[in-house]
Amino acid sequence: MWNYHKKLQYPIKIKNTNPKLASYIISQYGGPNGEIAASLRYLSQRYHMEDDVCKAILTDIGTEELAHLEMVGTIVHQLTKNLKESEIENSPFGAYYIDHGKGVYPSNASGVPLNLTAINVMGDPIADLVEDLAAEQKARVVYDNILTVSDDPDVNDVIKFLRQREIVHFQRFGEALDRLQSKRSMTN
Amino acid sequence: MWNYHKKLQYPIKIKNTNPKLASYIISQYGGPNGEIAASLRYLSQRYHMEDDVCKAILTDIGTEELAHLEMVGTIVHQLTKNLKESEIENSPFGAYYIDHGKGVYPSNASGVPLNLTAINVMGDPIADLVEDLAAEQKARVVYDNILTVSDDPDVNDVIKFLRQREIVHFQRFGEALDRLQSKRSMTN
Amino acid sequence: MWNYHKKLQYPIKIKNTNPKLASYIISQYGGPNGEIAASLRYLSQRYHMEDDVCKAILTDIGTEELAHLEMVGTIVHQLTKNLKESEIENSPFGAYYIDHGKGVYPSNASGVPLNLTAINVMGDPIADLVEDLAAEQKARVVYDNILTVSDDPDVNDVIKFLRQREIVHFQRFGEALDRLQSKRSMTN
Amino acid sequence: MWNYHKKLQYPIKIKNTNPKLASYIISQYGGPNGEIAASLRYLSQRYHMEDDVCKAILTDIGTEELAHLEMVGTIVHQLTKNLKESEIENSPFGAYYIDHGKGVYPSNASGVPLNLTAINVMGDPIADLVEDLAAEQKARVVYDNILTVSDDPDVNDVIKFLRQREIVHFQRFGEALDRLQSKRSMTN
Amino acid sequence: MWNYHKKLQYPIKIKNTNPKLASYIISQYGGPNGEIAASLRYLSQRYHMEDDVCKAILTDIGTEELAHLEMVGTIVHQLTKNLKESEIENSPFGAYYIDHGKGVYPSNASGVPLNLTAINVMGDPIADLVEDLAAEQKARVVYDNILTVSDDPDVNDVIKFLRQREIVHFQRFGEALDRLQSKRSMTN
Amino acid sequence: MWNYHKKLQYPIKIKNTNPKLASYIISQYGGPNGEIAASLRYLSQRYHMEDDVCKAILTDIGTEELAHLEMVGTIVHQLTKNLKESEIENSPFGAYYIDHGKGVYPSNASGVPLNLTAINVMGDPIADLVEDLAAEQKARVVYDNILTVSDDPDVNDVIKFLRQREIVHFQRFGEALDRLQSKRSMTN
């Protein structure tokens, strides 16, 4: 089980509203490569993971992705909460606004609600860990793309932190995979 | 952010395997009225909730639903981990097994992956809280239906605990809605 | 069964084309909180409703939502039928136009086709009625959001009528729920 | 707009419960070729239909499909309302029951909720009418398949009526297409 | 099985980048009426086609649609590969870019990933061929719509070729349907 | 473009009907880890692949997966084409039969139509290749699971061939990833 601590993993203070950027960044909340998908993938794969160290890594990273989810939601919220009506209409945020107002809803940048077909749990530790490596690569690319289109330094500072964490997770999943494969080859 | 505690909210010890029952109970993991949907609904609605007490209730229940998610996953895992091949083939668990083995994957009882179209975040505190009341009612009904088809006392004991929590959540969301409406009528 | 009467429930006469507004309003045709979803939810819940008065309310409101569906389709049609090509390209209607031309298709404002995961029928009269209360609240919010972004008086006059009907439906479902709960407590 | 008449288009009186058959027949309620999909397809295509006779055919058949929807829902309801618990568990209806009890919910025979990606409205009268011809053929095949697996004469009598109506609709859409093409070739 | 030949069915040389147009044309890659949907529909219907000539037509057209898929992907790629960042941000391509960069991904113009609910295989040769007639009409309309909004001659030349092929396919499927119906009426 | 050769990559001759097994194996046709998903993933990633050798590998394997798709469809067809009605009703194939008869339709083992949310194209060669490694692992696991539940030697012989090819593809994608990373580190 989890306890909540009223504190973000990394501080977020965004000064300017930006509905277009919000409509892009929501993809890391509810897009196919976003933090919900990541967290649920890892937390679901734990049950069938045969090795306790690898299981702890899944729990650990799955829990950190929940913290990232909260951060991404906070970015979207800060970018939109003080929007004026005129800003809404003249941005790609308009379509999102019709169905969700200024609420934070799990969709991708195109407004497609998250479908968990985007994640997999195979009940096979090796396949699951390679899936996780792919997940971290894909999340890293989305953060790259956000940095390409954003020029808000308050936002980019946070996105760079989140991007860096995905690289660290990629490395940890790589180590977990090595560990599992060595252990198996020793047993055989 | 959240901290993980290696402890279930309520103890689970299931003695017998039962793939059919597992294929039903997975619906409270990844079905439209399940614990993932519930948790993400409440945790996402927090950002735009105007009242701090109501926001705390959303955080609190959203966090507890994560604990329930872990419990439902544990039930499914315990019901299937020692399955023999012959048991798989002769049960509705067969179709699930092909794509996920004995892993825990977020689908409903029919094997449909969770689509977050099942939840809503409207950016309107009143609408969101009425949505939450409905969510708790629907989750309660699914637990009722599971109790109708299950005769495993180890499972039913846990399901009854989870069902009871939904009723408590329904009451808390009702109080939150009352609070918000009183506050608004005082302001106007 | 139903008979068709060649008459809108409320008259619609829109003078100006507006593809952007059309692309927003389509959400009340085929979005998760739109009139198709509402009508099908109520008409489907009728079968298992134990109380005849409540069943009649479901039939009645479900049938009225079909009339609203026809009205929303008419708004979208009137806003787009005389569009010039140049207007299409420079609006969010462009993407919709590629796949549906000037036809009226059940998608939300982002162009996502309606997935009925958005509605629920639980076979439990209490849960179904609370779901209906939430549905009416959510539809009301979408009409609020449309009014926020629209400044066409011909459109807004109709939208206000539709919004008001959702509030009336919310009250009727509230009365139905009270009735059902009183009746049950008297029986017990 | 539509008026409701408390009468089925064709009488339904099913004596025996049959959850497996119910779980198959629900496909004509909420499957990709079912009555909801058919009705919404035709009623949505009306707006952009250039010819008034063809428009009236779309309205007429679209309205009749609502009556068929009501009939299919009634079949499913009669096949399941008196089910005993033991019957639920030992049938493919079990998975459906977990999420919807004995309620009537728009899914296909596999339990997949209706996604309106299954229908199209192209804003092109010729393309729309050919789509409608295909829709009627596909609905006819599903009724054929139901007749193959059902041996309940009370059910089959109704299914044969519904199947026959699809054949009539196919003919009427064929005539509408001929009419539109003749009219166009005369104009050109 | 198939052999790949490193050659497009029709040459493509697009001089200018155009992200908006790319975001529209992707619909014929991964939209409900696009080339993937077409190819998979025909190649899947082959197995149960009773007549060898008709089966060969399905294989033939299904294989040609793969070539068209490659061509549509090439158009999208050429329209976007040299995009500058500033062009991305100020176009509807922005949302697509966040999740897929300049990659070619099977979605429609609104960014909705392809759901194969858009196609049908009924195991009934007549119904399948009428479905195919509808598919060709719908694909033709989408190419019409693209030509309406595009003024790039390099693109339009290719789109006109693809549009013309759909018309030829429509005729061939019409002949296949006639053949099948004559053959059946001779047998009966 | 592709040429069709009327020959399977590996011969298939299945003597006995088996609807249950067919309903499982269809997952490698239209499931999230099946051959359609694999082929479209690789063929779509080609456009943005910077290295010609890696691009050729994507084309090559993407084309081979089309041959595997044809093989999987053939297995399903041979397992069902001579089914008797009584066999349909008493197997999990029943639900599939209602909507698709004995046709070959792209769904997973639970009857969920393929949603291409299951695949990704990131426009980033490294991320795409790691995604491909994961895809091959997941496909291998599904073939493992099919072998667990199948005892038909005619089927298993083919499944083992297909499983072995996924392992070879995994190795080739690993080599492609190494090549790309070496090339990049030499350039930097």
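As written, the chain order gives the labels A, B, C, D, E and F, with residue 1 at the start of each chain.
The criterion applied here is as follows: a contact is a pair of C-beta atoms (placed from the backbone, for glycine too) under 8 Å apart; a residue touches a chain by one contact, two chains touch by 3 or more.
Here the structure is a predicted model, which is why all the values come from computation and not from measurement.
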>> Touching both subunit B and subunit C, which chains are there?
In response: A, D
> Expressed in steps between touching chains, what is the minimal separation of subunit B and subunit E?
Replying inline: 2
> Which chain lies the greatest distance away from subunit B when centres are computed from Cα atoms alone?
Replying inline: E
> Measuring centre to centre with C-alpha atoms, which chain is farthest from subunit A?
Replying inline: D
> Given the pairs C-E, A-B or B-C, which one repeats the contacts seen at A-C for over half of the pairs?
Replying inline: C-E
>> Distance between subunit D and subunit F based on Cα centroids, please, to the nearest Å.
In response: 33
> In angstrom, rounded to a whole number, how far apart do the mean CA points of subunit C and subunit D lie?
Replying inline: 21
> In angstrom, rounded to a whole number, how far apart do the mean CA points of subunit A and subunit D lie?
Replying inline: 41
> With chain centres defined as C-alpha means, what is the inter-centre distance between subunit A and subunit F in Å?
Replying inline: 28
> Considering subunit B alone, which of its residues make contact with at least two other chains?
Replying inline: 32-33, 92, 101, 107, 110-113, 115, 117, 120, 122-124, 141
>> Let me make sure I understand the interfaces: which chain pairs count as touching?
In response: A-B, A-C, A-E, A-F, B-C, B-D, B-F, C-D, C-E, D-E, D-F, E-F
> Which residues of subunit B touch subunit A in the complex?
Replying inline: 1-5, 7-9, 29-30, 36, 40, 43-45, 47-48, 59-60, 63, 66-67, 69-70, 73-74, 76-77, 81, 100-107, 113-117, 119-124, 128
>> Under the definition above, what is the set of subunit C residues touching subunit B in their complex?
In response: 32-33, 115, 117-118, 120, 122-124, 126-127, 130-131, 133-134, 137-138, 140-141, 144
> For the complex, which residues does subunit C have touching subunit A?
Replying inline: 20, 23-24, 27, 31-33, 92, 108-112, 141-142, 145-146, 148-149
>> Applying the document's contact rule, which stretches of subunit C touch subunit E when the two form their complex?
In response: 85, 88-89, 92, 94-99, 101, 107, 110-113
